[in-house]
């Protein structure tokens, strides 16, 4: 245990550690323990942090150590749905499904050690995959613990029309509206071929346009990014397949309309981004509209455009922590919503 | 109704006398949507609950004014698109004001480069799609009700179109929303690709069925008109074989626009099964009655036969079991040539492996050309003194067969039931059940109707399925909503407290009110 | 008079039980944004009144004015329901009960506007002109066009009736229509060809009159049909593109779509542009079946919406009645009646008349 913690036992949450300035820490092994811990923190006005393993105390925060709440509950091989406990990290989860010949899609190194629960709480946008979506997409069911101490339930299905998608309350809202405790995620057959294509363009916006054309033509790389290379901008793409598309790289180059670049460098990039050991934590910085990528990238050194969409793209940069996003006009609503959730309990 | 008069005067002052109506024909027309139960109630002579007034604000600011006026007096507001909802969602059961959104119908922005449009909520679906088509674009959203529903209604009910496996459901197309909330504020949700914190507001307002606010506009993703289409049709040995093809395509990452599998009876009814002559006499009669063109006028005899066939559902459903198990699978791939060719080729491989007998392009082309015809049959059935309704549920591929068979068994004693599988995803699929029945009179029909619904939803829930895939919950599924959501209901209540503190937005929909 | 509706029971039932499948097509419902005035809503009220669930009163009478008789609904309907036909009988019931709006009845009875060019024609002759409710400029243009097409000399119907009286039928005054149309039919006896300038009259003489047991001996044509392919020496007089709007009773009613377009193509330097919906699905100007008289603001809105999707271009419509209405409705947009525009493109010698 890291220094500074004192062990305790509490009637509501069981064993916990505390430290000065209202720091607390509890290990949760069961969904219901998350619910209890959330209620406990809410009663005391503590922030909740989702962590794995010991950390130095954080003032006025409850560290929820979710390491014990990990593992693969079940895999539905027919529907290709993995039922995972939300304390599992993405790297662990991928390894668990890989053992069954399945994949969650690419897991960038920067998210590898993040628990699923934390990614949902953050609204994690660090895996913008054209083929596999964001990490928080592809959810067939999400069970959550509420700060009122109870657990929700949900049928497992690809889509529904039974009112608002209430489980989206926990996506991006920190722990204020609850935390995911287990999730049913779409998984896929592991690719039999993975190649990297590299295509050069005259600038950021040309690269973005090339990517947009590829999307329009139905190409869905497992991952891609645009990065500066000298005066050019290079579009790199991870093309995963089942062997039915032997000319994947050539087709990608043709469709995007740029110049093919040497792949060796691309491979090194790929290793750096997708290898958990080598990767830094990359965070999204700013969303640029279509045609505005060059302007957004100007003056930002070392950025890469990761989330290339028809309508825009997002620039990413390395850093230790998520950038402090500005609270928008909806922040007051978030607060009121969290308050209302608690008030009902009262 | 002193307060009502004052409210109406205030509404008139804000939106103009032509846009507030309190006369009987309007209050009657807006006392229901297309929930078939309302039709049965009407036939049974039950007086509907009529709204106090119908209001047509002309822009978001006027919507906000209406909301403030009603909120101040605690008068319910029922947002109303085109009233094509089939769950009673737009029915003013608590009286109050029906707020018709359809004067808000501007196509505010079309941006083909970004692949986005901004459109107001009252735009009729077909008119939107035609305008997009005129510019070489498509939204890709083709519900069978596209001719009679609005963008706002789609969003409010999580609608699905017939090409959903390529373009997604409406919730998958949303970039952001403009909504008027209970405080009378006009607010725009953060874009789906924005990076700020907070819950996923778009997905909380989408599907809210008028209970959290009035959707006044939305930014939606659009696509170029497809360059190519490939049609496929197969007679599969049974429905499980058909499901294997659909699943294989979706799990391979392909996105065919249409994957549609009819069960044995539905296959028989659409007439694509060359072996169907083996089908039972009652079923042949039924098919004859319903598919003899649309001009074959009504007759007492035809009506009596239809009532006899639907009046003994147990026998008729038993006849279905004697039908050959073979099922029609229709596919349409669209997009750019390479993608279409690859996806269609995979479907051919999958269908061959699963024992499908190829039927060529015919069934797919016929379906595309006549896909709205089936909706016209509804009138014939009601005119004969019978009823018909549909309900759609969804689950994972693994649970689909048990769900299908379970629901068929459960509703079979009450009504004739058939189904098709459509709206496929990598993880699962929806089942669209159509059921038809009758009774000695309208009251008896309503009893049978209720029994069929209850049996269907109970069974779906027992199988762990979601009880609605795209029609919404409204009133028809309200009794099953607590079990569907469990403690997640608290999120809904908190959303209500946050965005509708006066409790005026479509009260009693989705969930029964506390104490009700 | 409610018994008139008995004959429509099947149509009423199919509409009442229909999930509003023609909802998008009804221009009046779309402009009013109002379910009550959709074909489904109109027919449901008719049903309520017919079976005694609702009273036959002024509210019903007023409601039933909300239709232009455009038949777009029928173009969509697989039951082929003729909603206006049922509605006109409902209007008749309202009129008989004293519940019809005065404005509707007055419109039904309204005479043709001053038409000196028509009055100047001799009575009788092989080709007779029925100008209907168009202005004198249209009549003048039509006379020139028919002349250029080799149809002269033109005459008036004997007795001088200049319209079929179809407005009476549409307003719910069927007996008055029978009398008026009968008078016109008498006046057309002995003709070789009858040419109508208002498609509504042509449709009434070709469809409604025979349906009510009376026929016109000679073929009845709309002006566009009568001159189709017979106009030589047309010179392009419009720079750029024009938007062509199908008049409902000419297109869906008489099935005339291409002849007026072909003629237009010869007189514009650009293209004849189609609206988002055209031909059998074409939009409606909003003037028909009395809507412009009973609900002028709504009728104007219908007109604006018909041409809104293709902004800027001059509009051409082959009905003088539609053209006049659209000109007022769209205030400021160039709207041409087909006849006057094409007549301008006839090369000399008659150019000095302009």
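For reference, chains read A, B and C in written order, and residue numbers begin at 1 within each chain.
In this section, a contact is a pair of C-beta atoms (placed from the backbone, for glycine too) under 8 Å apart; a residue touches a chain by one contact, two chains touch by 3 or more.
Quick caveat, the model's predicted, so the values are computed rather than measured.
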| item | value |
| --- | --- |
| Chain contact topology (line, ring, star, complete or other) | line |
| Identifier of the chain whose CA centre is least distant from the whole-structure CA centre | B |
| For subunit A paired with subunit B, centre-to-centre distance based on mean C-alpha positions, whole Å | 32 |
| Whole-Å gap between the CA centroids of subunit B and subunit C | 37 |
| Rounded Å distance between subunit A and subunit C, as computed from the means of their C-alpha atoms | 62 |
| Multi-partner residues of subunit C (at least 2 other chains) | none |
| List of subunit B residues in touch with subunit C within their complex | 18, 21, 23-26, 28-30, 34, 39, 56, 80, 82-84, 100, 102-103, 105, 122, 124-127, 130-131, 134, 145-148, 294-295, 297-298, 372-373, 375-376, 378-383 |
| Residues of subunit C defined as touching subunit B within the complex | 10, 13-25, 30, 33-36, 41, 44-45, 48, 54, 59-60, 63, 76-80, 276-277, 297, 309 |
| List of subunit A residues in touch with subunit B within their complex | 76, 78-81, 123, 125, 131, 138, 140, 144, 146, 148, 150-174, 177-178, 186, 188-189, 212, 216-218, 220, 242, 244-245, 251, 284, 286-287, 289-291, 307, 309-312, 314, 325-331, 333-334, 336-338, 340-341, 343-344 |
| Sites on subunit B touched by subunit A in the complex | 111, 113-116, 157-160, 169, 171, 175, 187, 189-191, 193-201, 203-209, 211-212, 221, 223-224, 247, 251-253, 255, 335-336, 338-339, 342, 346, 394-399, 423, 425-430, 461, 464-473, 477, 481, 484-488, 490-495, 497-499, 510-511 |
